[in-house]
Amino acid sequence: MQDPDAFDLGGFEFSASSHNAKEGGFTSKLATKTGTTISGVIYADGVVLGADTRSTNGETVADKNCEKIHYIAPNIYCCGAGTAADTEAVTGTYYVYFSIFQLILILKGMVSSALFLHRKSTLRESRVVSAQSILKSHLFKYQGHVGAALVLGGFDIHGPQLFTVYPHGSSDCLPYATMGSGSLAAMSIFESDYKDGMSEDEAKLLVARSIRAGIFNDLGSGSNIDLCVLSRAGTKYLRNFEIPQERTYIRAEGYKFKTGTTVINKRNFQTATSTTTEPKKIL
Amino acid sequence: METYDAVGENNFNPSSYHGNHTKQHATWSPYDNNGGTVMAVAGEDYVICAADTRMSTGYSIMTRQYTKVDEMSPKTLMASAGFMADAATLKKLLKGRCDQYQFANNKPIGCVAFAQMLSNTLYMRRFFPYYAFNIVAGLDAEGKGAVFTYDAVGSYERTNYSCQGSGQQLIMPVLDNQLKTVSPLVLPAVSSATPLSEEEAIDLIKDCFATAGERDIYTGDAVELFVMNKDGIRKETMPLKTD
Amino acid sequence: MIPSRTSHSSSIGPGVVPRGADPAYDEEVKREYDLRKNIPHLGKGSKGRPFSIDPNVGVMTRTQTPYVTGTSVLAVKYKDGVLMACDTLACYGSTKRYKSIQRMKLVGKYTVVGFTGELSDFDYISTLLDELEMTDFCQDDECPRTPKEIYNYLVRVMYNRRNKFDPLWNSLVISGWDYVEKKPFLGCVGMIGQHYVDDHVATGFGNHLARPLFRESWKEEMTEQEAEKLLKSALLSCVMRDKQMMNKFQLSKITADGPGEISEPFAIDTRWGYENYVNPTKYAPGAW
């Protein structure tokens, strides 16, 4: 029989929490939390976002060239740090493919989907504050259990905007922002060299430098630099803007094995038979 | 082999270590893991001992130029990964013992004797271990390459190749594949040294480190190879990725 | 030879064998003392056995949490020497408790030691260093201790205390001019004895905020002016982002030319007037 008090709590059943407390607390070990350096800066006519491309799983590198700058809307992008699944689920991604008759757009992710419908309904460009508002409400609702730390940037009718959004739902509106395990390394670059009203090239180089600082000083960050420039002129997604280092040594002769390296003990051939004689026609 | 449980990876608690106190000092640990990969390969008439030069703590790099391989005697090299303060202390102690051996016997200590001494020294600290994962490489009395591989509390064996530290899981299977030779139990006895020439072994080691540097965040910056043969010891350095 | 009991005196407190606890040891000390009467740091007021555990107390741990602390120390080598910088603040938790503490210490002629962490523990380390310096001075052999020797000494002190589960809650930066090898020396040791030498060093938060800048711009053939500029840009990023850091710094310099110098306190220019700081949501009406 369950604890009768559970009914007073509006139908929720919390008996597992006391069990978990006894066991030393519940920790989720399923999610991949990835070390990251992400940053963004506002310049004269827009915003530049940046990210490294290393995805880690504990002490090993899971992906050497992943994408951490996520699509929100055509004029809004968002860098994600923290639990990979959460950053991907709350922000968004899209891909387009061509069927015989039409172009099909697949849109995934919470905010990008919401803003897409909102655009279709209002016939207006999405605004950065809408994304910020949806994100922080969602994250606050989940009280930090949705572990997404974000740098949100975009350009709308009001101009360039840059936010950081923390996993608990607080946010800051800033001229320059960093997040992730390499945030301090990246921030040291901004603190020494940020200027108001930079040109696009200056801003790109500064963000690239900040990401490079994360790549070379933070073990959770590495590989390449991705940038995204958002301005009145449109959006430029600069995938692998810089590849700072290549592998330093490759074995010339590779690893080739002579035929017969694996000894064959037995051979057994069998004729495969099919139950259907005619292939099914698909409409 | 390697049954030692990594004490204090995160929160080695000195109070609970000594009994019944309530847990209140979990923030301080006498151990840290400074990462790094060390390896050695023995040939018929040479031995190579190599290590990367990164020393890190948590997600940050302390230095990119930390030498993990030391010449303990003219015939003995020792490389350690793990907690570098323990490793350095251990090496300091052993170097002193090597000097004493030299004074007492009027000859430098050989690698086989040194290997046993390291094992004894590690076991002396059985209940407050040196958090160091060691490899000893040298030329034995016949001039054949020898590699000795250890756990943190002194269990060791003589092998022909070994790898320890943060890149162990990545490198060891490659070495098994490339270097595995005849079992030492086979009769009549067959040399179990690796069939590779010195140059081929260097090539393999460099590739192993470059590969480990790609996937292990604690391995990188540079790799130092100490090659020992009948002509003496020479050192080679190759840069690795620094990210 | 048995270790001296004076040099690590009663200020160690528990963790030292007091007189009377181990009569056999006392006897040994007495014999040893008679033999070595003229060694200055075997003083009369000796209270116990150094680096050992009092059998009556059992295993004890002392500094488990720091109380009054200093934050990062930054240092860089350049072509003629080493520059080191840190602020003059000692915090009590998040209170700015002591605002004019000098966190660097000149040891002998050629070494400067800076500290991060517990102030009182560093005071104790200072007494050790003074004693070391005194014995060196008394030898009067015109062969002062090199920074490397002082570094190695401090590494052993820190590591031995961690072995007793009684750490000195500090990270130390040791800079100096190695007059034997004729080149600058720079090393760092932490509270569990982890140590390394490098061309540039930063402790605590500085390892995250200053070293990225050092790694980007440091060059072996830097002039003093370039090194100072680099150090000040790192101080700026530290003072902007480390809440325990205060805008009142001292800079120390050591070269081949003689005694190290520690500067008067100074402040650096900070910037608060960024347009988007003044009015952060100017372009984001509706943000909350």
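Going by the order they are written in, the chains are A, B and C; count residues from 1 in each one.
Following the convention adopted for this analysis, contacts are C-beta pairs under 8 Å (C-beta built on N, C-alpha and C of every residue); 3 or more make two chains touch, one makes a residue touch a chain.
Keep in mind that this is a model prediction, so the values were computed, not measured.
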Co-neighbours of chain C and chain B - touch as defined: A
Selected pair, greater C-beta contact count between A-B and A-C: A-C
Of all other chains, the one whose Cα centre sits farthest from chain C: A
CA centroid of chain B to CA centroid of chain C, Å: 31
Inter-chain centre distance, chain A versus chain B - centres from mean C-alpha coordinates, in Å: 38
For chain A, residues contacting two or more additional chains: 216-217
Residues of chain C engaged with two or more neighbouring chains: 208, 211
Where chain B touches two or more other chains, by residue: 60
Complex interface listing, chain A residues touching chain C: 42, 127-129, 132-133, 136, 158-161, 163, 171-175, 184-189, 191-192, 194, 196-197, 209, 212-213, 216-217
For the chain A and chain B complex, residues of the former touching the latter: 35, 54, 56, 59-61, 64, 181, 215-223, 244-245, 247-252, 255
Chain B contact footprint on chain C (complex, rising order): 58-59, 61, 64-65, 155, 159, 162-163, 165, 167, 188, 192-198, 207-208, 211
Residue ranges of chain B touching chain C (in the complex, touch as defined): 14-15, 18, 24-25, 27-32, 34, 55, 57, 60, 62-66, 83-85, 88-89, 128
Interfacial residue positions of chain B with respect to chain A in the complex: 56, 58-61, 166, 170, 178, 203-204, 206-207, 209-210, 213-218, 238-243
